[in-house]
C-alpha cells in the first residue's frame, strides 16, 4: 500500500524552510490569534503555504499583538483550510479557496478591521460537541511540548506521581467507567488492574498504544496524533506508572507519515523535558517509549497480531487466553489500549473519575470521537457525549444530506460493523445500543450513505476488504471470506437464486462462530446487518435481477437451478 | 505443579491434570475430536478450527487443542451444530486448493480425506477456488505439491521446533498464503534444508511426499511421527 | 525466537545506501524483532526490497530466510519489485468508495493500462490502492508522490498525472 | 411428472458425461446382481441399452462424469427434467474430479495442448462436430439439483448396488461414512 507513506526522517534538523514554519508569537499577550489547522486534511488543501502567507501579511501590517499559530485538527475537514480565531469566536472556512473566505477578510479581522468568518457559538457543528479528547486539538501547537505544558499538559502525570499511588490511579480509572475506545469496549480500569496484578516478566511489563487505525472511513487516531501527540504520551506514562511498566510502544500505521513524524518529535521533546525516559519527573520511575511502524496489514489492529508485529514477525493473531494482560510482548504482561483511550486519561486523572463519569450514559461513560464522512454536508472529526442520538449527529452536527438526497444508512464500526437504517436514527450512540442494532461502536468511523448506495454492494465492498486483509492463518476466515465474497458477487450481478442467499447466511453464521480472531468473527457483520434491514435490496437482485440503487451491473444471466455455489467464473 | 481437575465431556465425568488441554483429555478418554493442524509434540496454533467444542454457559466455541481444562467445565464435543461446522471446514479445505483424491499420492492415507469420510461429507456446496498453483519437484528426494497444501503449518513447526532449520514459512496472506522454502526459492536450491524429511513425515495430505511414490501407494510414514516429535517434547 | 545477537557484517556492495540500513540495525541492537523496522529503512533507501537486501538483513539479524520472506510478503506496504518513477495511490476506503474511487481506478486502468499494484509499461507511474488514508473528508482522495489531493475526479487526476 | 403407477416397474437410466466410464464399469462389476436389478426395474436408457432419446419419465438416473461441455450441460438439464431421483455417481459427477483439473488454467491451453502442440498432421482446434467446452468443468449439482451423492473413483460395486436397490425400495440412502472421495 503506498508510496504515500515515505516516512520522513525522524528528526529533521531545523532547516530554513522549517524555521519559516515557526509560529508568529507576539511579545505580550495576543489580542487575537489565528489558529491555522495543520492536520492532514487542511494540509492537503494547502494550509502550510497559507500559514506562511498569513504570517507575512500580519508582519507586514505592523500589528504587534497578533499571533499566528500552527494547531491540530479543527474538526470540519470538509471546509478546509480552517483557521480559528478563538478570542473573536470566529471560524474562517475554505480560506483562500474558490467560494470560501478570502485571506484579506481574515487579515482584516486579526488587525482590527471588521470581524469576518463565521460566528462559532451558533453553529450546531461546533456547539453540540463536547471536547475531552480533542480539547487541546485546535489549541496547542502539535510540535511544541512547551505549548502543551503551558496549556496544563503533564499536570495529570505530575498529580498521579506525586499525590497518588498506582492503585489509586487505577481506582480513578475504574470509577470513571472508561471503556476501550478501540472497538470492543472492555472496561479500561479492569484491564489496568489485571496488568498491575500480574507478576512482571523477565523484561518487566509493557504499555502498548494501538495506533493501527485500520477501519476504512476512520481517522480519529490519526487526527489525535497529529493534533496533540503529547496527550497520548501523557496517558501512556500515567498507565505505565499505574501498572508498573517501564517500556512502551506506539504501533502506528505507515499510512500516517505526519502522525508518525509528530509523535516521534513529541517523544524526543518529552524525553528532553523529563516527562518520559529514565527518570520521569526526576524520580526513579523509568518509562521509555518507542514508535513501531506498521506496514499495511489491517489485522494488526487485533491485539495479538499487533504484538506479533511489534516483535518483528508476520502479524497473525493467536488464540486467547492467555491474554496480553498476563502474557504479551515477549511473554511479559502487556497493557494495550487504543490512542483515544490513552488520550482520555490525563483529563480523567486531573478532574477525577466521577467527573468523567458524569458525561455519557449509564454504561457508556465519557465522550466518543467520530470521523463523520460520506453523504453528509459537514464531514470531519467530531466529539460528542455518549448517548447522543444518531439523528442529532447526522442531521444537527453533520448538517444532513445534500439537497435532494435521501438518507439510507449510517455505517459504523468498519468491516466488523453494520449499517443502521433510517427507522433507528433516534437510537442513542453507546456500546450496548449499537450492538443490539447489529453494529458495533468500533473505533469511530461513521459513514453516511444515501439512496445512491446499494447495500448489497456495500456488503460486498466490506467482504472484499476482509478477504484481502485476512491473514490466512485460520481456515474459516481465509476461505470463508473468499466464498462469501463470491456469493455476494453472484447476488450483485443478478446470477443468484434463493439457494445462494441461504448458503450465504449459513456460511456467515459459521465463519462468525469459528474464526480465530475478531477479523474473521466480525467479517460477516456487514452481511448480517444489511440482510436485517435491507433484505428487500437482496431480493430485488435475486428475484427481479434489478439493483434498486443502480450501482450493480446486472449481467442478466438467469440463476441456474443448481444447489452448488457454482463457478467463480473469473471473479477471483 | 499440576493439580487434578474434574470436568464433564459429552456427559461423562473425567479427571485431568490442570496443565492438560481439552483435546488431550478427550482423547485419553476415547472421545474423538477431529484435528488437522494439531500434532502431538508440536506447539498448537489453533488454526484449522476443526476441534471447536461447546462449553456450557458460554456462547463462544473453544478450540480444544489450545484450551486448558478448568474445574467443573461441561463440554460438548459433537453437537449437530459442531458437526455441521466441521463439515464446512473440511469442505472449504477441499475447495481452496485442487484436491483430486483419485490421483493423489496420499489417497487412502490422507487425514483430510479420512476426516471427510468420518464426517459423512458427500459433496460440496460452495464454489471451488481452483487456484493455479505449482508443484516443486526440485529437491532430489521430495516433492512439494501446492495443490494439496492445507496450510496447517505442521511442516513449518516441525522444521523450526524439532529440526531447528526453519526452512519453511508462509508467504503472503489470506487466499494468497503459500508454503515457501527460504526466499521462495525452489526447495532443491534451499541453503537451509537438511533433507531430514521430517516435514514430509508430518504432512497430513499429499502436499509433501517422497519421490518415487505413486497414486494410492500409501505414504507409509505415520509410525515414525511419535518418535520424531513426541519424545522430544516430553523429555 | 531467542534474541541471538549477530555481529555486523560487510554490506553486499559499496552502495552508500547500505549505510542507512546498517545504522538502523545497529540502533536496534541487531535484535531480530527489529526486522520490520529495518525492512522499512531498506525500502526507503532502495525503493523496494530485493533478494540481496532480504538475505543481508536476515543474516545480520539472525532471522532465517523464509521468515524474512514471510514477513516481507505479509505486509502490503513492502514491495519486492522496483517501483515506477512516480507513485499514484488511490484511496479505496469506504468514504472514497461511495464517492467514486472505483471510477478513478477504472480510469487509470483505461488510460494508463495499469491496475492497482502495477507500473505503467514505460516505468513512469506505479498505481497503488490504499485501504484508507484517513482523508475521508476529502473523498475521494489520491496521493501522488506523497502529495494528498482531495475530492479528485477522473479528469483532475489525469491532469495531475500529466503534469508529472 | 406423474407418480409411479401402482404395479408399474420402476424405470432406471444411466448417463455418461465427462468421465472415464469407470463408474459404469464398477456398475457392471455388480455381476450377477445385474440380473436381480433387471428383474426389479426397467433399464430404459444408458450404454447398456439401445435407446437414442432420453425417455420422458424416469424414476432413477445415475449420472457419471462432470459437466464440461455445452453438450454435457444440455444433457444434464434434460435428464434432470425427466428424472425423479437424480444420482451423482462417482467423484467426477460429485466434485468434477479429474475433468476439473483444467479449471485453474481454463479450456484454451487444454485445447491447444491436445489439438495443436501434440499434433503433427493438420493441427488446429476443431470447431465442428465437437461440443464447445464450458469455461469450467463443474459437478452436476452446479447446474441441477442432485438427490443422492455417491463418492468414489469409482464407487465400489457393492456401494452402487446398495444405492440402487435402496432407491428401488423407495429409500434415500445414507452414503457418507461408507464411501469416500478418491
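Labels for the chains are A, B, C and D, by order of writing; each one numbers its residues from 1.
The working rule: a residue touches a chain if its C-beta (ideal position, glycine included) is under 8 Å from a C-beta of that chain, and two chains touch if they have at least 3 such contacts.
In this text the structure is predicted, and so the values were computed from the model without any measurement.
**Q** What's the chain with its C-alpha centre farthest out from chain D?
**A** A
**Q** Top contact pair of chains, counted by C-beta pairs?
**A** Chains joined by the most C-beta contact pairs: A-C.
**Q** Using mean CA coordinates as chain centres, what's the gap between chain C and chain D in Å?
**A** The answer is 52 Å.
**Q** What's the distance between the Cα centroids of chain A and chain D, rounded to whole Å?
**A** Once rounded, the distance between the two centres reads 57 Å.
**Q** Centroid of chain A to centroid of chain C, CA atoms only: how many Å?
**A** 23
**Q** How many angstrom lie between the CA centroids of chain B and chain D, rounded to a whole number?
**A** 34
**Q** Please list all residues of chain C that touch 2 or more other chains.
**A** 67, 70, 74, in rising order.
**Q** Provide the list of chain B residues touching at least two other chains, using ranges where the numbers run on.
**A** 123-125, 128, 130-131, 170, 172-173
**Q** Can you list every residue of chain D that touches 2 or more other chains, as numbers and ranges?
**A** Counting only residues that touch two or more other chains, chain D contributes 136, 139, 141, 146.
**Q** For a test of understanding, state which residues of chain A touch chain C in their complex under the given definition.
**A** 1-7, 40-41, 43-45, 77-78, 80, 213-219, 222-223, 254-257, 292-298, 309-315, 371, 373-375, 379-380, 411, 414, 445, 447, 449, 452-453, 458, 461-462, 465, 469, 471
**Q** Help me check something: in the complex, which residues belonging to chain B touch chain C?
**A** 165-173, 180-185, 191-192
**Q** Per the contact definition, I'd like the list of chain D residues that touch chain B in the complex.
**A** Checking each residue of chain D against chain B gives 88, 91, 94-98, 100-101, 103-105, 136, 139, 141, 146, 149-151, 153, 174-177, 179-182.
**Q** Flag every residue of chain A that touches chain B in the complex, lowest number first.
**A** Touching chain B: residues 297, 299, 314, 318-319, 321, 467-476, 478-483, 486, 503, 506-507, 510, 513-516, 563-568, 572 of chain A.
**Q** Would you mind writing out the residues of chain C in touch with chain B in their complex?
**A** Answer in residue numbers: 51, 54-55, 64-70, 73-74.
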